[in-house]
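Just so it is clear, A, B, C and D label the chains in written order, and each chain counts residues from 1 on its own.
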Amino acid sequence: MPVNILFIGDIVGAPGRQAVSRELHRLIDRYRIDLVIANGENAAGGFGITEEKARELFSLGIDVLTSGNHVWDKKESYSYIRREERLVRPANYPPETIGRGSTIVRTAGGISIGILNLEGRVFMNSLDCPFRTADREIVRLKEQANIVFVDFHAEATSEKVALGWYLDGKVSAVIGTHTHVQTADERILPGGTAYMTDAGMTGSFDSVIGVKKELAVERFTTQMPVRFEVAKKDIRLNGAVLGIDEMSGSALSVERISLTCS
Amino acid sequence: MPVNILFIGDIVGAPGRQAVSRELHRLIDRYRIDLVIANGENAAGGFGITEEKARELFSLGIDVLTSGNHVWDKKESYSYIRREERLVRPANYPPETIGRGSTIVRTAGGISIGILNLEGRVFMNSLDCPFRTADREIVRLKEQANIVFVDFHAEATSEKVALGWYLDGKVSAVIGTHTHVQTADERILPGGTAYMTDAGMTGSFDSVIGVKKELAVERFTTQMPVRFEVAKKDIRLNGAVLGIDEMSGSALSVERISLTCS
Amino acid sequence: MPVNILFIGDIVGAPGRQAVSRELHRLIDRYRIDLVIANGENAAGGFGITEEKARELFSLGIDVLTSGNHVWDKKESYSYIRREERLVRPANYPPETIGRGSTIVRTAGGISIGILNLEGRVFMNSLDCPFRTADREIVRLKEQANIVFVDFHAEATSEKVALGWYLDGKVSAVIGTHTHVQTADERILPGGTAYMTDAGMTGSFDSVIGVKKELAVERFTTQMPVRFEVAKKDIRLNGAVLGIDEMSGSALSVERISLTCS
Amino acid sequence: MPVNILFIGDIVGAPGRQAVSRELHRLIDRYRIDLVIANGENAAGGFGITEEKARELFSLGIDVLTSGNHVWDKKESYSYIRREERLVRPANYPPETIGRGSTIVRTAGGISIGILNLEGRVFMNSLDCPFRTADREIVRLKEQANIVFVDFHAEATSEKVALGWYLDGKVSAVIGTHTHVQTADERILPGGTAYMTDAGMTGSFDSVIGVKKELAVERFTTQMPVRFEVAKKDIRLNGAVLGIDEMSGSALSVERISLTCS
């Protein structure tokens, strides 16, 4: 029987958390989900995460939170990021960075799963090489887990697809985040790794990637600073469901999820 | 009866042209296509376009070629770009730029359709504002055509989604190109404009967005210059089919297309 | 007798305003200055400008303030930017942008001087072409003034030097700002235009371009967001003195200024 | 008696090599130079370096060549870069990169001098952290040399100034390259490290940072690809002369050099 993982794309603000609240249990049931992973970098008001919002998401049934470049937006979350083992930030931040880049959790059925978070470098922060960081972290995680899931938080499709191929056969899945737009390229690469360029966004779709659309248009047409606010209507949950072979760690299936909330 | 437009995402090199050759007629038949538009910026060896390759694509049944930042890669194509009315380059290049940013064609059924090409500015060239250029060009095109199709060649999802909302109700469709990865967000916006962040790529999918995957990985892991070559295997055609109301110019349907070539 | 213009590089926070307060009158006397222009985009706490800080700078003897990408940092300054004729923002922002991109002032001796502000596009905002904007604005300014001074607020040396050559013979001076590091390349180009890639910074030099140095190092070594604060020690005034022929508008001399404050 | 080092800024093409040929011996005599270091990343036709051009520069009296992002432009130079101990490339390229990031040479007087090359990450390649790489390399070099010279090849003034402060007291000098425009901020920081944001360029100044000026302007105004050619007139040599205490490794003096060639 495969291990079923649900991955939820970037949860944006209160509408994103509502989507999780309304849909998660139904999804867990329908797909017999063993583990729920979600990207939470925008969970708190669209920018960053706080202990309160993370706890809320865990209480709703999420097992592990990944993140990305926005994880540092709330200074008050730093001590929480340091101690919360179920929350990861990209592993290729500098060596001394607070928090952890990967973690291992056990499903209710007792299966260990490694979760690795990486951030791209093209058009983003100046970080350590995600390819080499992946190599190093995967060796470590594989000592304790047959299944390894990678959230690659990156902008450029070229960097994301390249990492997918680079890790094919080494991990169970490489799923991208950050662009907030779901891609239609989910597939299982020849070596057995599930790949998808972007899982998409969980939040308001009456928006520009989560932000009130008038404000985003204003930013582009005026080139002046605009304070972004989270949009509220047309709430959807984006993500992917992965079926993974417990022994080999190979992906058996990958399915794109896009739910319009009731 | 709706006017049916097939849009084909960035055609990359010989494998991309082969995909068009093998699949286009079947698609035209199946969807009763009235007009075929394709992005040809990578048609010649992955970089740029030439008169020869453009003529090959027109002879296969493509009616209009759009393009993007790579359209200038082959210097020998400039005189062709200047005179070929069925080939457009982004309209927001500087005023004196050779070629045209939009064109109007007639379907076999005698319906006029305006095609507008724009390029994003985030992480790309320094061009005129695509929002304002769109406003100006659309007024002109609408004098002669009820239906206007926009290919927005851009990198950042935020800029693409923002332009979609900005033009909602003013054009029939805003379809993105450039990332070479098809997105799963096709929809008809409330004002009647079909929108999709990226149509995807037509070419080899055993690749990093069209390029041999070993070379792309080498570029990222060494940060040294690497001469890219077009990949050849696993050929697919990506795009979208749009159904548009002839009188109002509103989109009636948008369907994502991803064909694995026989 | 030449018209003598003092241009002061980006004034950063209270230390920058102090430098002006301490040194300006001495400079005006020593160089028989007819007009003082200063870049004020960082005058208010290092980010943006306010009516209060602008009035302070005008009262100290500055005649015209130019600016750049940071001019929009303080929302409360917008109505002031709209109405203050002695304050300019880059002219190549979109058409509807509040404020003005150029202005004309008269020296005590009755000589009209046009001041034009432009912003670069390489590694900066997505603006209209500074070369074409310059052409258009200069024609307008030349109808009322023989002397035209250009503050080109830009990052890349290539773009700055290119604009210098492009405007050679058309304006009296092209002086760069934005990098906060003074360059040693002041010269008069063959057509009579004084050119210098960057005028430098007026503020604390015990800093990283005005910011407390520990904070800047932290930003680079952690890649996490850091709230910048203005540094205070080792205050200097950077800029340039230009001698310009009243009739022809040609530059007769350009001298780099770097004063360590008493 | 201080050890005198002459550092020459980016040598661009044949005009740059001519400048060295005409001026180097005079400079060595006048300043009693013990060691000559030069940045050679643009020595071959403006892009990269070849064995032939490197040998030419060594034969003219240069002891060590540093480089930067353009060092990889000529594929035929790779085997030479691998074996030539007097040629360094930025040390923060990935671990397996060919060539060396630092070297140690001896002056005629028998003094060992370490030379370290680093590349910035802001607006440049995705490399390892230059701050941490510096720490690690300096420890190694200091085991064999009291004097360590750093060429920091970087774009952003903030990153350059920050590294200067970060290495103050740890090395003899941090001199920047890459922008091809000499800065006027040479100084000795409180810890004894000579610092200068950019040494400038050695080549044609009737140009845009070495390139024919018409071509550079064309690139900016058309946003189309332009093949750059090295400019030829108004040849100058830019750089700096450093006086360094042999025992402590502290800088005693730093002097900016800008020579117009006879």
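Operating definition for what follows: a contact is a pair of C-beta atoms (placed from the backbone, for glycine too) under 8 Å apart; a residue touches a chain by one contact, two chains touch by 3 or more.
Chain-to-protein mapping (UniProt): A, B, C, D = 2',3'-cyclic-nucleotide 2'-phosphodiesterase.
Worth saying up front: this structure is predicted, and the values here are computed from it rather than measured.
Enquirer: Leaving chain C out, what are the touching components among the remaining chains?
Expert: Excluding chain C but keeping the rest fixed, the chains that touch end up as one piece.
Enquirer: So how far apart, in whole Å, are chain B and chain D when each is placed at the average of its C-alpha atoms?
Expert: 44
Enquirer: Please tell me the distance, in whole Å, between the geometric centres of chain C and chain D computed from their C-alpha atoms.
Expert: Averaging C-alpha atoms per chain gives centres 30 Å apart.
Enquirer: Using the touch rule from the top of the page, what residues of chain D touch 2 or more other chains?
Expert: Touching at least two other chains: 94, 126-127, 129, 132, 220-221.
Enquirer: Chain adjacency by touch: line, ring, star, complete or other shape?
Expert: complete
Enquirer: For chain C, which residues count as touching chain D in their complex?
Expert: Counting only chain C, the residues touching chain D are 123, 129, 131-132, 155-159, 161-163, 165-166, 179-185, 197-198, 200, 207-209, 211, 213, 216-217, 219-221, 256, 258.
Enquirer: In the complex, go through chain A and note every residue touching chain C.
Expert: Where chain A meets chain C, its residues are 72-73, 93-94, 96-97, 125-127, 220-225.
Enquirer: Using the touch rule from the top, collect the residues of chain D that touch chain A in their complex.
Expert: 94-95, 121-122, 126-129, 132
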